Every structure is written in C-alpha cells, then in structure tokens.
C-alpha cells in the first residue's frame, strides 16, 4: 500500500481494553475509506491483546456511537466502546 | 324458615358501597351454614342498592379476605371488600 | 430481611431512603395525588382538590404487611417498606410510598410492580375524589 | 417535560425527590455498590472495598441525556433525572440514581427499566472492582 492509500487512526481505549493494552490509545493503520467494522478488525489484527473485546466492541466517532458502515476520518476522535458490564 | 335455621349477619361497608347504602353496615339474613358466596348473594337480594358491587365483591372475615366457600359465623366481623379502583 | 407497613393519617413526607449497605438496588415509588382526574370512568377531566382515603382498620395495615412479606419471599428481595395515607391528601401531595431493597434491580422492579397491582386489588383502602 | 443528566465525581447523596405536583407517579432507583461481588463471571464471592468508575467524557453525560430524552418521548413520561458517579465509590455508597415522573406508574416502570438496560449497553462508563 502507498502512503496515499493508508491512513493512521488513533483509537482511544477505556476499561478492560485500556488495562489489557496498558495504554490509553492505540494507533491503527487502515486503507482510506475503511468503515468502522473494518477498522475494528484491523485493530484486532494489529493489536492482538485487544482481540478479546471484538465481540462486544463498537466505535464512537466524535462522541457518538457509530454504525458499522460509518467511514471515519483520521482526524475524528475515535474511541473503542466495549461494554461488557457497564454502569 | 324457623329461627334456628336462619342467622343474621352484620356486614360492614366501605367506599362506594357505604355511600350507596348511606350506612356503615347492613344486616343480612341467611341460613345457618351459608358460605361467603351465598352471603353475598343474599346481601344483593336483601339490599338491592348494593347489587352493583357484586361483580367485584369479596368478604373479609375477621380482617382477612375469605375464600368463597368459607362459612362465617354470625359472631365474626364480616366486611364487604369491593375494590373497583383502590389505593 | 425486613418488612415495614404503616397507615398514616394525612399526606406522607417525601423522604430520603435509609442507608442499605448490603443491597445493590433501592427502588422507591411515590404515588402523588394528581391535580386533574377524569370524573368517573371515561369521564371528562376535572380539577381535583384532594383525595379522601378510607381504610378498613386494622385489616388495611395487616394486608399491606402480609403482601410485603409475600413479595419479599417470592422475589427474594431484602426489605420492603410501605406507607399509605388515611384521610385527606391534597392534590400534589404524596399518599403512598413503597421502597424495595434487593441485590439487583430486576428483583426490585418485579416485587414493586406486583406489590402495587396486588395492593389495588386486595388491600381494603378506598379513595373518594374531592372536586374543586 | 424535563431531562437532567449529570456525571458527578465520587458517591452520590441520597436525596429526597423534588416536589412534582403534576405527576401521579414518581419512581426512583438507586444503585448501591455491593459489599460482596463474584470475582469474575461465575467466580467465588469476594469482599469489595469500592468500585472505580471510568467515564469517557463528555460522551458519557451526553449519552445519558440522549437516552433520557429518548425514553421521555417513547414512554410519555414527564421528567427524567439521572446522576452517575465517576471515580471511586465505596461499598455501601450510591453510584447511580434515576428518577422518573409520570402520570401513572406503568409508564414510569417501563421507562426506568428500559433506561437501565440501555445504559448498561450504550453509555461509556466502565467499572473496576477494588478488592478488599
């Protein structure tokens, strides 16, 4: 992939994901135009420690839960929302 | 019926039944051994103003709701419990 | 496990729940006299000054306690406290409070819901509107 | 109709509900940190000193408000007020309160039940046990 085809996304982490990754965010590389579902898969592949959250995982884009087909911009605030037992 | 065969029951009234009867109790004559279901029917026959409550009516005997086949004693405290829209 | 049931003259005070360190869920219901009610079933709305509650004593209080004890056992909740007014309660004031403590919310909600349904059917308390 | 949603640092105070003269039903839920929890799913019970709540701000508060607004419309209730703790809340203390005012109890119960279910699924708040 050339630089033009791939973007780098910053994904904020919370809860068990943050503990497992020992970090408050991870960087995920994915082709420009990747939707949230694909970005989650790329995250699991590039950060295997986070694969455990994938079944319950969604992404928030700019502080709102995003549908799986939403295409985020690398400049958006993206957060991993994986609520196994929240509240 | 002879005096020995018939008993006189005092039935306390509350709510709409008390208002309709303009009294806090009625007297109901019924054969000795009459169960609560029969006593309610006798009450409706002898005090037609109270017939309107019969569909929702039960009797309490000594401060507890009584099953339809309970045979009250004329000395018991008997009350008409007809809760159309209580609480 | 505990049950409290009481009939109180007049309106009830709004109260903060007591501390309950062992229970994960505290659910409290307050019944407030509505300022407007239909006049009779299906009737037109009319302004209400108060409701007047008539109770059959001591059966009313005993029935509340028996119902609380039954709900406590059936839904495995920790504690139930119920208060109900007797006499006049003005519109906007509280005439009924029910507090349920349980380990989890599901039991608390189930116990509270069934308690109120059963109370309206089985507890000898009658209300009479005092129209404005 | 009104909605209030707030994330608060530390434990919540037990509070008497505010007056609500137009609503016939006031339902209030308090979530209390349990002193004993299973350690992990299906695990053995273990004593808990506290829960530590992590929130994604400002999304958590916004999500609570959006959820309250949605429940208000769907269940036709009059008002919803929700508070949730952020940070450490000791065992026995309150970390969540939800108050629903409605004309009748059925709507209040439905709105409260759905609110809590949805909150646990959709509102970005995570809890971490602090074992004793």
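Note that the chains are named A, B, C and D in the order they appear, and that numbering of residues resets to 1 at the start of each chain.
Here, a residue touches a chain if its C-beta (ideal position, glycine included) is under 8 Å from a C-beta of that chain, and two chains touch if they have at least 3 such contacts.
No experiment lies behind these values; they were computed from the predicted model shown.
When each chain is reduced to the average of its Cα atoms, B sits farthest from chain D. Rounded to whole angstrom units, the spacing between the C-alpha centres of chain A and chain D is 27. A straight line joining the Cα centres of chain A and chain C is 49 Å long.
Annotation: 71 Å between the Cα-based centres of chain A and chain B. The multi-chain contact residues of chain B, meaning those touching 2 or more other chains, do not exist; every residue touches at most one other chain. In chain C, the residues that touch at least two other chains are 31, 116. Here, these are the chain pairs in contact: A-D, B-C, C-D. By the touch criterion given at the top, residues 12, 14-16, 18-19, 60, 63-65, 79, 81, 83, 85-87 of chain A touch chain D in their complex. Taken in their complex, chain C has these residues touching chain B: 31, 54, 56, 58-59, 62-63, 84, 96, 116, 119-128. Taken in their complex, chain D has these residues touching chain C: 14-17, 19-35, 91-92, 103, 105, 108-109, 112-113, 116.
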